[in-house]
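Worksheet: one structure, shown below.
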Amino acid sequence: MDWFYVKGILILSGINLMAVLGLSLLTGFTGLFSFGHAGFMAIGAYVTAMGTMKLGLPFIPALLLGAAGAAVVSFFIGRLTLNLKGDYFCIATLGFGEAIRLILDNVQYFGGARGWPGLPVVTNLTTVVIVDVIGVVILANIIRSRHGRNFKAIREEEMASQTIGINVFRYKMAALMISAAYAGVAGGMLAHLLGFIQPKMFQFIKSTELTITVIFGGLGSISGSVIGALVLTSLPELLRTFASWRLVVYGAAVVFIMISRPQGLMGGTEITFTNIKKLFSRFFRASGEKAGGGGR
Amino acid sequence: MKLLELKNVTKQFGGLTAVGNVSFEVEKDSIFGLIGPNGAGKTTIFNLITGIYKVTEGEILFEGIETNSMEPYRVAELGITRTFQNIRLFKKLTTYDNILTACHYNARYGLMDAILRNKRFKAEEKGLLDQAEQLMGIMGLEDRRNVVAGNLPYGLQRRLEIARALALNPKLLLLDEPAAGMNPDETARLMALIKEIRDSFKLTVLVIEHHMDLIMGVCERIVVLNFGKKLAEGTAIEVQANPKVIEAYLGEEEVVVC
Amino acid sequence: MSVFLQQLINGLSIGSVYALMAVGYSLVYSIMNFSNFAHGGVIMIGSYIGFFAMTAFEIPFATAFCIAALGTGLLAVIIERIAYSPLRRRNAPFLYFIISAMGVSIFLENIIIASPIGPTFRTYPKVFGTTPFIVGGVNIGRLDVMMFVISAVSLMLLIFIIEKTRTGMGIRASAYNLKASALMGVNTDRIILIVFGLGGILAGIAGVLFGMKYTVYPQIGNITLKSFIAAVFGGLGSLPGAVIGSILLGIIETFTSGYLSSQFRDLIAFVLLILILVLRPRGLMGKITEDKA
């Protein structure tokens, strides 16, 4: 296995990670499920491409523009849909995700269904890693603050959250916009990795992959999302030799996870120094008891 | 001084009148009781006061401000907090996290402050942590701080819900059947707790209850509802002697009259 | 005018197939309160069963049709047992059901692609003859008539089962309140199996008809996203709503495709979805659910 191949997988994982991180805030921490985030990736991709191709911007500012574009669109979508109940919000995101893709299919300025080729290929491993690290730090800092606690409260008990003074709508909107921005950055990075974008790349199946990754890593866990994104992006690539059977296994695996370990890999906990220390101390305490020959 | 006023409040759900033309006033610093048979509309009134439902007719005034059209979080900001009949704790979070989350209102730092971890964030966050510690101590919950709320014994869950409601430094605390499922011993302790927090937090308390000994023992004034309408109002003794009230409760198995 | 009528007929025809698909969705939703995204995969399998029954085994249409319907009914029940009932047992949130359903859908689609059957498009043999009926200057394909008739008959049978039989009463009670029905002595586990089975049978019929009108391919499941929209349009949980929503969607789509452009045909379905959710989420005839404090 040569480094070039591995690098490619790492870059792809890193790009997916960005989108998964954003979705993790919305789904894992705030409890809102979206099946349309591929749509935000698409917006990010196309707006970033506009930045580099039509406005001559350097890559990073173009990425920020892409993120902003996705966030703005999410604002309008949020205004319309965040008041809907659980299932219906889900369905609405599905609708918007597909609508965005279908609209892009029909806008000839961006190349329509045939896509937009010739984008500068500037995404490299360094950029992706830096962007990801920044993304993780921002998310972690948000979560470990009163705002993070408020997001979690909304996920747990929306009505009670209201009665302790949390402006639920505003927080949901914030979660949606941040998650859209992250997806937008991911889309922009993807566009400038492939040098080419097509609405077909941002279908419903992509949105569900993102949500499945968040669940696989464990709702409410940033480290879970990181590991989830790495594993679920690289595994299919490594199993490419099995071609279509890998998707069969993927589908079966999804069902299997849901029925056996729905709390995902991390089950809502994080990999932090404190937790690692606790894990070690529990482990040593247990073996210490055994060695000492003492029972309780 | 009148803290809360309900004026001709009516709430209709389609054809059903859950609350019909109810008026009463709650004096500041008092402990006020709201009783009535099941389905009388008591929780509906709480939902109307806290903004979860909107009134069909009438006005609700808090410190003279009309709260009819306010979102629940605005009502909480004004100073009214509550507990729920079916305990709506953040069940998967620990005791400490439940209280700490509710303290949020006492900090003002924004998302950017949190992201940048600046001085303002650090100072205000410390304030929240301190407040949470304090509250846990006052409510006697420190030894359970890391227990997941859903695993607490029932009585402590109710106490935690009250602690959470107190985190916002409310002026008016609404308790919805706080003694439900408690034995006489726990009920007595709850009664003492209610009086104590009213005194030390300088609150006004509005209580819905079926446990008559709690109501009669703690409440200075009581309103009785039946089928959504006000049946009687007065002190504990007046209400207990009221023939209409006695009639409404005949056959009501939940009433524990001392 | 005849173009208009022609479009109307086309719309009704595709609408009736959507109706079969959408009713299956709504049936499951009404009982379990979740959107069965695996429904599309079951429809697709039905299409293949019918196709192979007729071509590889040279079974006559009517029998092949029944085999497909029963096959998918069975498949739906198996899916319920494996992918949903473990979740139901532990009271999992509805999202887990949806994810599980998607897993099933991905599994079904790709097992066809990966197997020797492969992703090639297949065409059903022409069963009803190709000369259309000509009524008042309008061409009405025989297939379209048969599709409409078969759909109508199936739906009427379904309505009969639901309205007039004891099992149907159990279904209606469970749709209204699952837990209460269980307490009243309704064998809700059995009801759920029956509902999935019925939904599966409808899916099989829809699959065969769809395959006959268009082609058979593994991604048929994606088309059923439209029928899902139709179910939302009519009101999730309402069977008559699903039918009306489907017919209307079929007509709207055909007219958009005919008078505007076929590019917009798919888009209009999603625009419709968004409009419904924003203006009237419970659709035309759906049930309203309130969150009690």
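Going in written order, the chains are labelled A, B and C, and every chain counts its residues from 1.
To be clear about the criterion, contacts are C-beta pairs under 8 Å (C-beta built on N, C-alpha and C of every residue); 3 or more make two chains touch, one makes a residue touch a chain.
Here the structure is a predicted model, which is why all the values come from computation and not from measurement.
Centrality by Cα centroid goes to chain A. By C-beta contact pairs, the most connected chain pair is A-C. For this pair, chain A with chain B, the centres built from the Cα atoms lie 39 Å apart.
One inter-chain figure worth recording: chain B and chain C are separated by 48 Å, centre to centre, where each centre is the mean of the chain's CA atoms. Between chain A and chain C, the centres computed from C-alpha atoms are 31 Å apart.
Looking at chain C, residues 293 sit in touch with two or more other chains.
Among all residues of chain A, those that touch two or more other chains are 159.
Counting partner chains per residue, chain B shows two or more touched chains at residues 52, 84. Residues 33, 80-81, 84-88, 90-92, 94-96, 98-99, 102-103, 105-106, 159, 204-205, 208, 211-212, 215, 243-245, 247-248, 250-256, 258-259, 262 of chain A are the ones that touch chain C when the two sit in their complex. Considering their complex, residues 50-52, 71-73, 75-77, 81-82, 84, 88-93, 97, 100-105, 107, 109, 111, 114-117, 121, 125, 128, 164-165, 167-168 of chain B touch chain A. By the touch criterion given at the top, residues 33-35, 82-83, 86-87, 92, 94-96, 98-100, 102-111, 113-114, 222, 225, 229, 232, 236, 263-264, 266-267, 270-271, 273-274, 277-278, 281, 289, 291, 293 of chain C touch chain A in their complex.
The touching residues of chain A, when paired with chain B in their complex, are 138, 141-142, 144-150, 152-153, 156-157, 159-160, 162-169, 174, 268.
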